[in-house]
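You will see two complexes here that share chain A, one where it goes with chain B and one where it goes with chain C.
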Partner chain A sequence: MAALRLFRDTWRWTFRGSLRRQSGPFARQLYEVGNRSVVFITVTLGVLGMISVFQVLIQVERILPEFSVVGPAFIQTMVREFAPTIAGLMIATRVGSGIAAEIGSMVVTEQVDALRLCNADPIDYLVVPRFWACVIQTVLLSVYGGLVGVCAGAVVAHYAWEIPWGTFFSLNLVGYSDVTSGLWKAAAYGMAIPIAASQAGLETSGGSEGVGTATTRAVVNASFCVVVLDFIISGLSFMLLLGK
Partner chain B sequence: MTAPILAAQGLSKCFGSRKVIDGVELNASRGEIVGIVGPGGAGKTVLLKLLAGLITPDEGTVHAFGNDFAGLDADQRAAVWERFGVLFQNYALFDFMTVGENIGFPLEQRRRGDEVGKGAAAAARSAEIASRVAVRLREVDLPGTQHLYPNELSGGMKKRVALARATIADADVLLYDDPTAGLDPVTSSKIFALIERLHPVRTGITVVVSHDIDRMLPVCQRFILLDKGRIRFEGDRAAADRSTDKMVRTFFDSSARLSGSDKTPIGVHRQFSSIELLSLKGGRCSPPSSLEYAPSGAQSKQGGGLRRKLRGVRSISILSDPLSEPTADEPTADEPTADEPTAASRVSR
Partner chain C sequence: MISFQNIVKAFGPHKVLDDVSLTVPKGQILFIIGTSGAGKSVLVKHLVGLIRPDAGRIYLDDVEVTSLSEMALYPVRKRCAMVFQHSTLFDSMTLLENVALPLRKHKGLSTKQAGVDAMRRLEQVGMAEESGQFPADIGDGLRKRVAIARALTLDPEYVIFDEPTTGLDPMAAESVDSLIRELSDRFQVTSIVVSHDLRSIFKVADRIAMLYQGKVLLDGSPADFRATTDPVVRQFIEGRPEGPMVFPRKS
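And now, the complex of A and B:
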């Protein structure tokens, strides 16, 4: 598959010192990725944290009015699932579309041809900086998004149900495997999103409508990758837990 | 005859089910300037990219300096591409680099290839690149614009920056895709003068794709008319004048002076050449009801007469397709002067 080849070539160029050469574009991409998604992720994970704590507390109140477990359980799901996956989906839409549009318009305006003719590999120049910026930022933004979600949830729990801060903020249920699973997810999304988006961008053909099509395809493919990887990594970590 | 610098044999390329290039043969020998003309969508850009090895042909081969592109590994191809300079139709300026960095890029790339200089040597090389960039920018009439980004430039400026980048590294094969599209006549003339001056007479070739027949005629030694992916005509100007092919005559007589880009909008007001007016006189079109004609030079007398004849014209339509021009094959003793802006036009009711 073309995307796998792109993935392989991205690593190959990385080992040939592409990032050192492209340190300027890399820094700019780091900033771009973060800048594009930080507000998005704050809002989404903040709202999601508040709503899910609210809903859970309503259910818990009906069944067993015992709130001490809500905080730790919420934090566990946040770490393991919500933070990386929601952040990943946001980055897939926001950053994925941006990458595809940028690279797509470079294809349409023949910049990619010009790069090749100057013996500058488009993967080296365009994909590698975006790839690593995306990997790093997805991990960082997942951690950040998790913190935002947990804090937002805690605020709801504290002010609406008067759960003490200390009871809510408990890492009792968060195990090593939850953290690694969450981080692996974030890293995997961070790799899949720029590859899916760059591939869509590089395949752009036929004028500015082509860029639109590429952008749509990038978002669809990148989101799909996030969901599939979520499933795979969740399954793997579950099996590893069972194996122990 | 010397071995051709660029040679294409039996070149074909499909996009989907459409054959965009169909059996093209092309040889260009040292010192030649070849002009490629043809209607929009004829495949000129695709042909140019095939010649540059940027697109792989479905059938046929392209040899550059005797090397078949298909048989080259990455390093060999890099060596061949170092001898190419291409001005792309869509400028292709890197929007993440300044004008100066764009123009210096081919030189920087080359330096990366051979010397990993440090300290003083590298600084000297950078200074040399900067000075060459400055010289080229002056030549394209854009001095001191090094620090601007491409999105701060007008279309004409971008074209000129792209020309500077294509020629900075003294390439042996210079390919220009519509270098004067959308430029004013003064700048266009300057660009063609520059193309002629930068032509590597002793070492290489130049291929120009353009609609600007008037400016190509004195510069190009040989012309190729591409139509629907096939070569419809090949030869010098005299051969074009002798040709009885309607389309060739249309292109080389007057219609090519639709000038500008592929995207020339239909309906822009243009002046008419004497040929079309003669045909009106001959009564091959039904008399239209409004028509503007600004006669110039030698034709003014005749034009004046026609203007009288055509009073009561109501509307005109301007053709984008010179082939439909009904009068192009009409023999006429009256060649339009080279600098008169003219157009193929059909007069309708």
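And now, the complex of A and C:
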């Protein structure tokens, strides 16, 4: 319930022009969340793309040695599932822990209390810039991570199984609903991660041990949110597809 | 006038404040003393709505603070500033931005105008040259001076000092003591000072209240404290480790 209230208040402060007032911190958070996650996302999704294609091709080779569908099916899965969810989980780990540790440290050193005394709401000052930076960068990193994963998979397919580039990169299985489903997931994760992490940070009590506990809770809660939202959005998009 | 009436506050099973009542007239300097964990900081944080009591009421002049919402507390916080124990400057802001923040948020000044006013405050505490530095770049004593500048930047009627001289060298502690006295004498600022510093207490206080086991054990002038025969108070002001005092468990 506390997280839902925080989500509501974050939107409320956004409509009151928080981002315009906090343009400096917002730009810093865009850099923190986005630019500093690029290497992490590149390595994770690149390796995942290579391993996935490698494993799939081994199985396909045993059953039906016909590889033309592997590339398009892999791209569809990457767009719908792997790119947003793996990127989301990576961001939940790297960024979620950072948000909780930073806000948690501010709580235990009374900086959040000092903000309140300065007539500066902690949600306006701390949560809103992180929230919108996470939303934007999770979507961008998911798209980027998807491209990296597909390219890495294509390299394995081409050099290990001699699948032509054009056959692997065929988009004939990727539909509009796949793209929208992937983007919705990325946006939803981008909202859930900073809320779960900020809530854990704002509820910090005690000293450095409390900050450690808050950081762990942030990563667990944010990762859990990603998995649950993946299930819900996948289910909804599947039902919408059946409805058509 | 500040009035705490029958304040009760517990954290879990640990009752920190148990029916505490205190009144501070305008312009007076009240020192609240007691062992670590006695509830001194908890009590003063109630005044600015950072902690809500389980029972009791707090009045700042005619305003009942305990029932106010977060929004309604902003005018109270404009009149009543607080200097925190660990300075609590914002790490991501320069010293100038730290001092300018209350001016921008409480008075609605532009960044430029708030910066000009903040620089004047920093000059008063001898920190103008360091205005562009970040809190991590300066020592504890200097951070405390900036924190005091930030607290006084709105010309508050009431100031809470939470252990203002802890960690300061004797000269810096002396200047903080003089500042607290001057605020009262020249500007009729009412101050509540949480402190363990016996030298400051007897030099600056108009009145002293000692918290012990959640209650006000003794409330009187410095002379009353010097003359008291209460064994717990005597043990505290004489700084003796042996005696009847029971030390609280940290909550």
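Quick note on the criterion: the second predicted complex is superposed on the first by the 243 of 244 C-alpha atoms of A that agree within 3 Å, B and C clash if a C-alpha of one lies under 4 Å from a C-alpha of the other, contacts with A are read in each partner's own complex, and residues count from 1 in each chain.
Heads up, the rule we're going with is that contacts are C-beta pairs under 8 Å (C-beta built on N, C-alpha and C of every residue); 3 or more make two chains touch, one makes a residue touch a chain.
Fair warning: this is a prediction, and the values are worked out from it, not measured in the lab.
Partners chain B and chain C clash in the overlay (superposition on chain A).
When the two complexes are overlaid on their common chain A, residue A:Glu61 makes contact with neither chain B nor chain C. Once chain A of one complex is fitted onto chain A of the other, the partner contacts of A:Pro25 extend to both chain B and chain C.
Within the superposed three-chain model, A:Cys118 lies in touch with chain B and with chain C [touch as defined at top]. By the document's definition of touching, neither partner reaches A:Glu209: not chain B, not chain C. Working note: chain B versus chain C after chain A overlay, options 21-29, 273-281, 291-299 or 309-317, clashing stretch identified as 21-29.
Residues 25, 28, 106, 109-111, 113-120 of chain A lie in contact with chain B in one complex and with chain C in the other.
Looking at the complex, you find that chain A touches chain C at residues 25, 28, 106, 109-111, 113-121.
On the side of chain B, the complex with chain A involves touching residues 15, 49, 52, 54, 78, 81-82, 84, 86, 88-96, 105-106, 109, 113, 165.
The touching residues of chain C, when paired with chain A in their complex, are 45, 48, 50, 70, 74, 77-78, 81-82, 84-86, 88-92, 101-102, 105-106, 150. Listed in rising order, the residues of chain A touching chain B in the complex are 25, 28, 106, 108-111, 113-120, 205.
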